[in-house]
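Next up: some structures, all given as structure tokens.
Note that chain A is present in both complexes that follow, paired respectively with chain B and with chain C.
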Partner chain A sequence: MPVLEKEGTQVWRRRTRGEALWRWFGWLIGVAVFAVCWQQISASTTWFFVWDAPRIADDIWTRATPPRWEYITQLGRPIWDTLNIATLGTLIALFLAVPVAFLAARNTTPSTLFVRPIALLIIVSTRSINSLIWALLLIAIIGPGVFAGVIAIAIRSIGFCAKLLYEAIEEIDHGQVEAITATGASRWQVMAYGIVPQIMPAFAGVAVFRWDINIRESTVLGLVGAGGIGLQLSSSLNVLAWPQVSLILLVILGAVVISEWVSAKVRGAII
Partner chain B sequence: MSHRELDDMLGTGWRKPHFVRNPVLRWGLIAGFVAYLIAAYMTIEVDWGRVYEGLDRGWQFVLAFTKPDFVSRAGDIWEGLLESIVMTVAASVVGILISIPIGLGAARNIAPLPVYVICRGIVAVSRALQEIIVAILLVAIFGFGPLAGFLTLSFATIGFLSKLLAEDIESMDKVQAEAIKASGAKWMQWINYGVQPQVMPRLVGLSMYRIDINFRESAILGLVGAGGIGATLNTAFDRYEYDTAAAILILIIGIVMTLEYLSGVIRARVQ
Partner chain C sequence: MLRLQKLTKTYKTGDQALKAIDLEVPKGQVLALIGPSGAGKSTMIRCINRLVEPSSGGVLLDDTDLTRLGAGALRRARREMGMIFQEYALVERLTVMENVLSGRLGYVGFWRSFLRRYPQSDVDEAFRLLDRVGLLHMADKRADELSGGQRQRVGICRALIQNPKLLLVDEPTASLDPKTSRQIMRLITELCRERGLAAIINIHDVALAQMFVPRIVGLRFGEIVFDGLPTALTPEKLTEIYGEEDWEATIEAVEDDEDIEAAE
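Let's turn to the complex of A and B:
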């Protein structure tokens, strides 16, 4: 414990002088970095617009209220598309995530040296790229539409689902697997009777959790042309139809709240 | 299991128990699911000819990953990446600073009811709105540029961090906080010595995680004009410059992996 000698009495200190200096130095660098970053942002901002912002915000608010309620009749199909993108995307992702997860889990992978790194690379690379970017890419490749959205959501979800699943697989109770092996079961039978029942609740939980996130993400995929309600949002924004924009935002908000409620209910029932 | 039950089951074959016990519910779920799949499949229009055509382009994109082009658009990539990083750093700092008081206010065991309700309201609003939609609105209000992206990320950080911080404070050990209070500490001292040491490790871990998320999100904000690498990426896709797009994606994946590794190291050290 660092103690400072001061006029004959000992005074307790939390850190030694060296530690305190290092800390002070770290804070100094942190503040300096933040200042530089802020300067960069400030330099590329048109401050006139910012000072004008309250008036603009007020203007947009008056244009956007009240929402154009009768527009909702045209939103049925986009909402159905959005639901399809999220659900089918989640399904495809789960199909692909299961093998990846088994290959990535330390206790089920056939080879920790070759196969596991590849599976981990798939997980990291699909996870670190946002679904909007995947959608952008797929639109360039297979053309705009709902299908591109489904695939984009599917690819983006593989990493997420596989990561949570392989963590669940690594945490299973080994005794059960051993018991099944001891009965003379083959490798596949061990999987079906020893491992799968143990990760089933985790699997169902991950599926519903990801579906909830995917509903959120698929509402905005249309902004880049991948179908769903985002398409309506983007076209309304382009023609500055603010009453329609506010209605669409309300619908998206409703969808997000409902999906979160459903997901919480289902997960509560499983666990 | 009683004797009688065991006797009844002797001699009969064993069957795997079903995941959903109730047969009516089980078959209902399966039938509903199949009906949904059919309906979804009927309504999705896929232009298979277009998809087939695109396979060639998709293959070109995969090939582009083997020879990414960092050079010919180096200036744009560097500028966009720097802007993304600047936005991430500034937004994380501001977001974390603001989310600490809101997190304190959203913890029921610390805050009085009115403060609690207000802070929880802020958290709910911030979590319900997605980054990209907030970014669209902020770009409309503040104009193009990284300021809108910075504000978006700060706003999203507040919802994420305050909620998790508040949950951590609510589940803290009351005894330590009470001991500090009993020593006659003022409110600030109580928070500083009774509460903060308990939640600090988790706060650091969550902050690191949020920096990671902020960088990933900053990569897409450029799509709607809120600054960052997204605009460069979008242009690269629009011009079918797959090698440049591949280079940008590789950079994003690399930075995300580095951040994830760093946050893992830091989290392991503080916990």
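Let's turn to the complex of A and C:
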């Protein structure tokens, strides 16, 4: 009851006194929990390593600079592999995500009782497992190499793409679908004319967004042996070749910056 | 030509939107359906082409009962009924031409429509219709670039290219300004006359209905409470349809409007 009568005028407050007290009490609890956590963490920290960290970081920095520039000749092929893993993986994922999205969207699914839960399960299960773990599994199944990387990226991306797409499908303007239906169009024609044009911008957005993410994800896949530049990264790390590591990180940075730029351009062109 | 027999619609929530409606629309007659919001006007025209499934009763178009048709036959029957919508319901991201041609979807196969390879006769007809409504120069524009009145004209073309016997028109002017509203109503009624089409026009604006349409049906709580000539729509009748209000001004305004129209 935030409106009070006070000397004949109506005073409005955002919260009643009780509510305000409860909020202050909540903040107090929050601060207390923070303090306790701080104490716990600091008790179980080996402080020597923390105090030592700047020195070690400085040591690695001096070892890693300057990057070993001539190593770049050996990185062309791996970074190309990485880009291919990301691009192919994204294409396969989109190809598989579209039907899943239509089956999952409430307004297009053939059956809310059976088909939709299955589609949602596909979305959740592919999304919940990191691509690195998918890669580990797939390497055991189909052997190490680029192909395992492509499939790992593809599987990981299905759920993400399908989820965003089915949300776009559920948000379409029903009037346009109704109008196409009223002309006597078949189920597939309603889809092609009433639904697809409406979700095209979302589809393009999702595609470039996921491609952008996949470039970053595919750079680390090599760490577990699934091809790409991560392979070079892990072997350089293993032999403590810090100047090579720093060059690889620079190359990855360059690739990511370029992909960001491309996806920003594409998104700008579509919307 | 169109006959509704005890048409009833009960929604899952238990709301009875239509209570055993009996209505007959002869060939070529334009009819306005008036009534307060929630009276069941939209439901009624959607029950005719089964965008909403009626609960019981019959909808006879010529001699086929539309409520008994299977999916394929229903699609063929829908080709005979053009529909025009309140918010135009054009596919916003397609061009004007694609929107008009989409009225032929019931006649062409999936791949032809998907690849936009419509028969030349359909394309000719689309150009003729666009010319008739004065939008020939807009054929290549995207639908979302058009103004409200222009969009509704495209909507009219899409309905007419179906070559229908009957137009179902749902609040064609509710999103338009008064002048455009009249132009659209005039266009719809003219086109119906030219082509001998029957039409059911849902409309909020009583004055506009009286101005253009020869027969008015009043709906209240899913029942027909008035059916007659526009001139028979007295303040008492309007009170029966809409509830208590001072109706003299509305009716007088119509008479003035008619004078203006005549003067033009």
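Some observations on this one:
One rule holds in what follows: the second predicted complex is superposed on the first by the 220 of 271 C-alpha atoms of A that agree within 3 Å, B and C clash if a C-alpha of one lies under 4 Å from a C-alpha of the other, contacts with A are read in each partner's own complex, and residues count from 1 in each chain.
Throughout what follows, contacts are C-beta pairs under 8 Å (C-beta built on N, C-alpha and C of every residue); 3 or more make two chains touch, one makes a residue touch a chain.
Just so we're clear, the structure is a prediction, and the values are computed from it rather than from any experiment.
Of the two partner chains placed by superposition, only chain B is touched by A:Asn84; chain C is not. Contacts of A:Met200 after superposition: both chain B and chain C are touched. When the two structures are aligned on the shared chain, A:Ile56 is found in touch with chain B, with no touch to chain C. Once chain A of one complex is fitted onto chain A of the other, the partner contacts of A:Phe114 are absent, as it touches neither chain B nor chain C.
In the superposition on chain A, contact of A:Trp12 is made with neither chain B nor chain C. Contacts of A:Thr183 after superposition: chain C is touched, whereas chain B is not reached.
Of the two partner chains placed by the overlay, only chain B lies in contact with A:Leu137; chain C stays clear of it. Put simply, chain A uses residues 193, 197, 200 to touch chain B in one complex and chain C in the other.
Residues 49, 51, 75-79, 81-83, 85, 87, 89-94, 102-107, 110, 113-114, 155, 158, 162, 168 of chain C touch chain A in their complex. Across the complex, chain B meets chain A through its residues 16, 19, 36, 40, 43-47, 50-51, 54-55, 57-58, 61, 82-83, 86-87, 89-90, 93, 128-130, 132-133, 136-137, 140-143, 145-147, 150, 216-217, 219-220, 223-224, 227, 230, 233-234, 237-238, 240, 245, 249, 252-253, 256-257, 260. By the touch criterion given at the top, residues 173, 175-176, 178-186, 188-189, 192-194, 197-198, 200-201 of chain A touch chain C in their complex. Note for the complex: chain A touches chain B at residues 33-34, 37-38, 40-42, 44-46, 49-50, 53, 56-57, 60, 80-81, 84, 87-88, 124-125, 128-130, 132-133, 136-137, 139-143, 145-147, 150, 193, 197, 200, 204, 216-217, 219-220, 223-224, 237, 249, 252-253, 256-257.
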